[in-house]
């Protein structure tokens, strides 16, 4: 499967679960998604977002973002996201990291909700009418506790080092990727490479493998997390992220940056 | 040996604030808290005391977790994280912190990254140290615009953790959750009470003549400038290099 | 640490979490625990029990068993357990597998409870006054759902292929072992061997590693799961389990079998 | 080609009952359900139909799970397990199953192993096939002594799964949850209605002249005796050898 075919799985109005910077972001698919153009997306950041969220927002494809944070890390705030927030152009569902994980865990377990300590008294809770507070039924009375409803994204999208020919994907210790896949309807994965051995064939590789049962499509995208790094594979290209952060301060700078990216289809077609 | 660098005062203060912890977690891009934790670990090792474990989030080399990004929160919920650091774009006199933005939420301008795990960790980590180097009225406000995580909770709300101290570039405060409020414990070298009052948008208790923040002794300084900077440079090479340049200047 | 020293961590009245047959049972510690003699134990089987439970019950060390099942697999029922149940000598807390996992998950998350679908209308629920049923607060009304309270065992005990010198333990894909350790106060692990490399040093081995943070003590016990097998290491010795099943039909046969086991201290001392 | 072996009838019946599933889970020590699932997989592959996935629990070779023993239940809760098999020491006319024991719980005598995951999987797996080879009044009772898992649930109880059929050594029944109750669908070769009525402790609906259970056609028998027994012998070598001996005798 190529990236273009994979992107066509994404339809307008879908909810996409996306991983944190360091867990394996499928940046290769960001560009394919922008070319594909399905909009009104609801992004669900596991548990925070960065470059991918900023670019999808900048391209006008995003209706809402549920997240614990969005930033470019050392490169500072996420410029397109922050501007869209300030202008009220996207709906925000601010969360806190373990609440994001709790929503996925509820879906993973087939439960309607998952309890979570903390949060009470935070303005996060005040702006989340979809969360509930109940009194812990195991206490003698009182003891309020937050319940987070299950989150079942239409699509989980991430990048991983390898997949095998049976469709199993090696995610190592980034088990939030498995949590995303368990919870989601479809799971789209880009990988650095396809390997010949069955990843479930040895206990050592099986321990870090997401079984094919949870994987809808796999596409090969070498250096597909770039400019993010991929654990055990390559480091983050901080200079490139800084270059983006500077360019994307304006809508024009953002458009120019995106047009100049390798893998941009309009640019490739023009060659 | 040159004079003590202001950041060395902070690092040594953090090591003191962490005294007694078994496991401290440090957020990504937090070189001063990380250095303080590493200093404590080295001091304890030298003294033959029980080991101090440090988890640095987002670091591949110092990632002692193997269950994805949920594990830190699970670990804290289990009571296995004794100390953590939180900051904030705004921190108020009740130790409420705001990591979300200024103005009317949701249309915050500026919008900051977001609350991350603060709304949970502030509740379940027994020793949360508020750390913000910039000490100014725009950071330390009367009341935060958005409560990412509250400094205290009503009776009956499950809370095993919370703030114990606030360390800034100018001073060290303790936090009393019963009032609630901050008390100035000491001023860092070169700073005085009037300056700190002007730079702080909330009221705090203080002695008439606040003492000076304790400086690292010469043996600690040697450890800090040698072994700790070596350890730190694995994760924060630029910060360690800058410290080395400034200390040697 | 030797097995005897490890066994001394177990005090009378403690709750012990023990893994299922195929996940890594520390049979070596069964014999050490019987020598040690701490009784009134509450066993928590994750999610079912077998030979180890039967032997601890047979030795008179067990006060209660919480489990989804106890059997010797192909060798049939667990004879000492079944006889103790029939005679009412041990308290039973019958569960169902996912409820066992739910109790551990609640503890892993620092939550007072974990919801779980199913169970309603089962006699299991009727005999578990410690479980609660609430109406799902996210439904329009009705929709009862079971809440399982957190289980925080005093000790998790299991056997694994290897540990490193930093105290990290390789559990492969047997993640219920990690769940037990997360939930428990102390975790005691026997291993086939200690390896020199740091298990967290490569992403491949790290993926299947339980970090030292959760591990209280490690003891080396080659073939420590015997007569059970250990994944990736050795198969189950079915003949030996059949031999046990036959012997343990009577209390006398059980005593004789246990006295003849390799590693039995009274026998070793007699040599 | 010899006559069809009684267990071949069961295996072929299971393959038919599973028609249309994408993923079937099979418990440990369940060679006949496993063989039925493998037969369906082979038939679908031969027909060029979408693949059938089989998870055999407790098998190292056929373990497609990597998240410990909780994963089967999570997977079923997600709606990713289409079919599963349950049995029971007792099964009653309302499809309640008892895996715990006879007599007054908790002092059951005999005590059977326990309920395993039945109290959950019976609720969330859409197509549960009750399978028990022994067809006798001590197994098929009017009312079970202990309900490990109920055959039906009241309106308002979340239930996406449940029993669809009961396959025994003598006959095949369907289950109607609206009555609730079983209906005899067919008798296996060599068994008649009177025998089945006497061997069944609960009442069931039936035609006056129940038909015979459909036998595998010659092509299916070839597949079953060759490829399927080869596949099965990886996990259940003794069962496969016994089948081979009895079929060739």
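Brief remarks follow.
Residue numbering begins at 1 within each chain, and the chains themselves are lettered A, B, C and D in the order written.
The rule is short, and it goes like this: a residue touches a chain if its C-beta (ideal position, glycine included) is under 8 Å from a C-beta of that chain, and two chains touch if they have at least 3 such contacts.
Nothing here was measured: the structure is a model prediction, and the numbers come from that model.
Counting only chains that touch, the fewest steps needed to get from chain B to chain D is 2.
Chains that touch both chain A and chain B are the following: C. The chain with its Cα centre farthest from the Cα centre of chain A is D.
Between the CA-based centres of chain B and chain C the separation comes to 40 Å, rounded to the whole angstrom. Averaged C-alpha coordinates give centres for chain C and chain D that are 29 Å from one another. Centre-to-centre spacing of chain A and chain C amounts to 37 Å, using the average Cα coordinate of each chain. For chain D, residues touching at least two other chains, in rising order: 63, 65-67, 73, 77, 124.
Annotation for chain C: residues 105, 109-111, 116-117, 136, 143, 145, 173, 178, 206-209, 231 touch two or more other chains.
Taken chain by chain, the contacts fit none of the simple shapes, being neither an open path, a ring, a star, nor a full set of pairwise contacts. Under the contact rule stated at the top, the pairs of chains that touch are A-B, A-C, A-D, B-C, C-D. Taken together, the chain C residues at the contact with chain D in this complex read 20-23, 46-48, 67-71, 73-74, 77-78, 81-82, 85-88, 91-92, 94-99, 101, 105, 116-125, 127, 136, 142-145, 173-179, 231. For chain A in complex with chain C, the touching residues are 102, 105-106, 109-117, 132, 134, 136-139, 143, 145, 147, 149, 171-173, 202-209, 231-232. Note for the complex: chain D touches chain C at residues 28-29, 58, 60, 63, 65-70, 73, 77, 99-101, 105-124, 146-150, 153-154, 156-158.
Here chain A touches chain D in the complex through residues 107-111, 178, 182-183, 200, 206-214, going by the rule given at the top. Chain B makes touch with chain C in their complex at residues 23, 53, 63-67, 73-80, 124.
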